[in-house]
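Chains: A, B and C, in written order; residue numbering restarts at 1 for each.
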Amino acid sequence: MSTTARTDRIVPSDRTSRHAPGSRISSLAFAAMAALGLCSAAQAQEPIKLGILLTHVGPTAIFARYEDKGARMRIDEVNRAGGIKGRRIEVIGYDTEGKPDRAGTLFRRLAQEDKVSAVIGPDSIYVLLGMSSVPTESKVFSMAAPGNYELVPMKDRQWVASAWTANGYTMVLGLAWLKDKLRVGRVGMLTTADSIGEMIGREATDTAKMLGMEMVQVLAQPASDRDLLPSLTKLNGMKPGIEGLVVFGSGPYGTIAMNQTDLAGVNVPILYIGGNIIPELIKDVTPETGKRTFLTVARNVVADTLPASDPYIAAAKKFNADYQAKYKETPTQPSAVGYDMASTVIDAIENVGSDPVKIRDYIYTKQKDFPMAQGIRTNRTPSDAYGIDPRDVVVASIEGGRFVFKGYLKDSYKALGIKDEAITEQMRRFKMLAD
Amino acid sequence: MSAETPSDDAISPACASPAPSPTKGSRASPVAAGAPASPILSIERLSAAYDGSLPVLEDVSLELARGELVAVLGANGAGKSTLLRTLSGLLPCLAGRIIFEGVDITRLAPDRRVVRGLVQVPEGRQMLAALTVEENLLLGGYVHRRDPAGLRRTLDEVFALFPRLSERRTQAAGLLSGGEQQMVALGRAMMGRPRALLLDEPSFGLAPKVVSDTFRVIDGLRSSGLPILLIEQNASKALAVADRAVVLRAGRVVARGTAAELAASEEVRRSYLGD
Amino acid sequence: MAEFLQVLFTGLSQGGIYALIGIGFSLVNMSTRVLNLAQGSYALLGGFVFLTLATRYGLPLWAALALVLVFVAMLGVVTERIVSLRVRPWRPISHDMAILTTLALVVVAEGAAFLIWGPDPQRGPALQRGVVNVLGAILIWQSVWMLVITLVIAAGLQWLLIRTWLGRSMRACAQNPLTAALLGIDVRRVGMAAFTLSAVIGALAGMLVSPITWLDYQIGGEFMLKGVLAYLLGGELAIAGPLVGGLVLGLVENLFLLFPGATGGLLKQVVPMALLIVMLVWRPQGLLGGPRAR
């Protein structure tokens, strides 16, 4: 593809420098010096410690696997280039096992005993919500990846930020694309019968209203249900019929809901929300369903099908290529999220050193326009710990078992004439922004 | 057929430990009490205990000859039922041997003993309450299940013996009266075509009239040549049908003799015949 | 109409699986008086082994089925051995210990499944793919087969219990194991047969549902919960009790989905448990059970 040739030359310089041949020599020299006992300032060479606290069991473990690989990939890059100012990064990894109290205890241990500079994780919102006060209390920054950061209490947000861009809300915004490109006006929704499913239901209803669409009915079934035909048949029976369907639910629930629309005769465009943006979870989506399924994704997921003119294509492609080379597997959205969690922290350490408080201050006040492997830039502030423009994701659909670029969410917003203030106001309402 | 250890001089390894020294009551040799030379069941210096408890049976020896009815008397808790449980293999023996029809069955599993023809009617009749009368009886013939025709025949015989049961064959056994349950219990044992019968307190909890009927049936079975070991608290009834009897106290045999001898004994009269 | 029919179909197909698991509980409990919580784990392990043999190793379905049944039958025997290892005729099984032991087995099975098959949900091949439209409602063929097989198994077991010596001896053991032993029944063999049979039924349930519900390493516990519920709801009446209990549970659960909006989904999760509590208070013997006699 012609885009490949072009992008190789416009890779951001801060990334490539670490792969320059020179860096290997310097690290060899460093090793030799160490071996000869020439490193006199022993404390100065003490490693920088980073904690990785992810959930390796349970239904979300599959995401953690990718996030862990992504994060370690970034750390390996730094260490292979000789560390940060000669100090290697040492990783201390723990498994939350999906238990919030265990995660809290492990976070305290990382902060107090292991004396880490910052923690990458936790990843799952369920875990984070049960321990979100711990980072504040132990004054160590948690570079987390909750898909629904808005659920984190305001008082805890100063020490917790999210690296996950394609959260529930940005996905809900995919409705704009449905309206703009497919002229969808009446939508129905199938979500999970739990607090998060309910919250996404409210966000979708509110967004539909903002866009001048009609949310006809929001139905919910337990996340453990695998026969979703009762709800889908009900949606199919709506008079007049729905023109689009929003599906929320990760894992098999989401995939099954999409596939069973065929059976229930709900052959309308689907906006899928729920984070199954990994190959394992879409491989069972039937081709007919995939074609009319739309999701909002990070750019790295659709790097191959992005227009060459995309402003962030280079970073996304570079990440994908490096990841593929290192792990011999297709990079996913969570792989990039993991990489970005590590990148954010490492960038802070490179600029202000390993002091936990300085790291936090830097991320919230100085780290401007920071490029992410997900193909997005982030500008965190104390009131906005996501730091991304939610319209900055792209729309994809599923073809041949992979994600294919369909368009930019920003364009649809422009076309529909939605004001920035309306979005900001909505984000305030959903507590994504602190006032 | 399983090959069993030849009985007479083989000593079961489990019971090889030396038996406690004999006590006053059991000093008399079994033969002296008039038992015939070739018994169908012989119990040799048997001891038994429940898990971790002190021995409940100690050094009990007893023989049952073919065609004979031997009664075992004793107060509550003397160990009578324990003796039958040990004979049926529900409880392992600590020491001693059990020889049945010349075969050492000391270590045989309970169901194998039934296969060999040693059948017990347990204390309290133990109905399979939710099953019908007919199912209870059929299960009595479980060991002959490969012979359905023979089983049918035996069932007819039992119904002939207890016509009442025939009327109630489809009723749940748990809903029968005590006397009827006793009939089912006896009939069920007959279905196993026993070669020797162990009866545990057949009179327990029954009206006097029913007790008499039951003893008539027992006497009938004895007359037909079935050897019976009968446990009873009702000593006078038991001694009336028994050939011989032993008295158990605290797990030991404290007296033995012919039914007439024991019925005449001062001690037995005082303790068990309520004189 | 279509809506109602759909809920009916879904309820019956889910209920059928609850019933199968419940029947497994019933068989073991009646023969040994042990509530074998590992019942759902047979579905978990059987289902996973089946889909591995059939999809990863490409075995023909009948061969995979045969291997799974042998494997799971052995699991049943092992469970019986573990649970009644120290049980003697004069010292009946301690129910608390037995239940705790089977609970431990649930955890072991879950851990093993996690180590072997990982955290991701998987599903096996269906007997028949596709659906049929009945008056506007959709009937999944696999669900139809699931229900048919459940009913066939239930009928077969009923026949076994009433007509065969194994069945009669199982019922005898249910009533009084000591008496059963005195009738010449090998009580341990009967217990082992019950465990084996229930394990096989559990595995069949796992294989049948996996194309619809998928399997993950935690599903053993979910099956167990629904199976116990079916069993308690229906009553101890050997086969009919859990069969009716399972179907009723499946139907009741899904009837709540007729509620408008998201309420139905929430109710669906809460109501079965509430139903169980109501039953335990007002009709502890279950829907079909007579007075609970011990």
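Observations on the structure shown:
Basically, contacts are C-beta pairs under 8 Å (C-beta built on N, C-alpha and C of every residue); 3 or more make two chains touch, one makes a residue touch a chain.
Quick caveat, the model's predicted, so the values are computed rather than measured.
Measuring from the average of all protein CA coordinates, the nearest chain centre is that of C. Relative to chain A, the most remote chain by averaged C-alpha coordinates is B. Once the centre of each chain is set as its mean CA position, chain B and chain C turn out to be 43 Å apart. With centres defined as mean CA coordinates, chain C is found 40 Å away from chain A. Centroid to centroid, with C-alpha atoms defining each point, chain A and chain B lie 79 Å apart.
Shared contact sites, meaning residues of chain C that touch two or more other chains, are absent. For chain C in complex with chain A, the residues that touch the partner chain are 2-3, 6-7, 9-10, 13-14, 114, 118-121, 123, 131, 136-138, 140, 143, 212-214, 216, 218, 222, 254, 257-258, 260-262, 264-266, 268-269. The touching residues of chain B, counted against chain C in their complex, run 50-51, 85, 88-91, 109-111, 114-115, 119-120, 122, 126-131, 135, 138-140, 142-143, 145, 174, 188, 192. Of all residues in chain C, only 88-91, 165, 168-169, 171-172, 174-176, 178-187, 293 touch chain B in the complex they form. Of all the residues in chain A, the ones that touch chain C in their complex are 56-59, 61-62, 191-193, 197-198, 201, 217-222, 224-227, 229-231, 233-234, 237, 251-252, 256, 263-264, 280.
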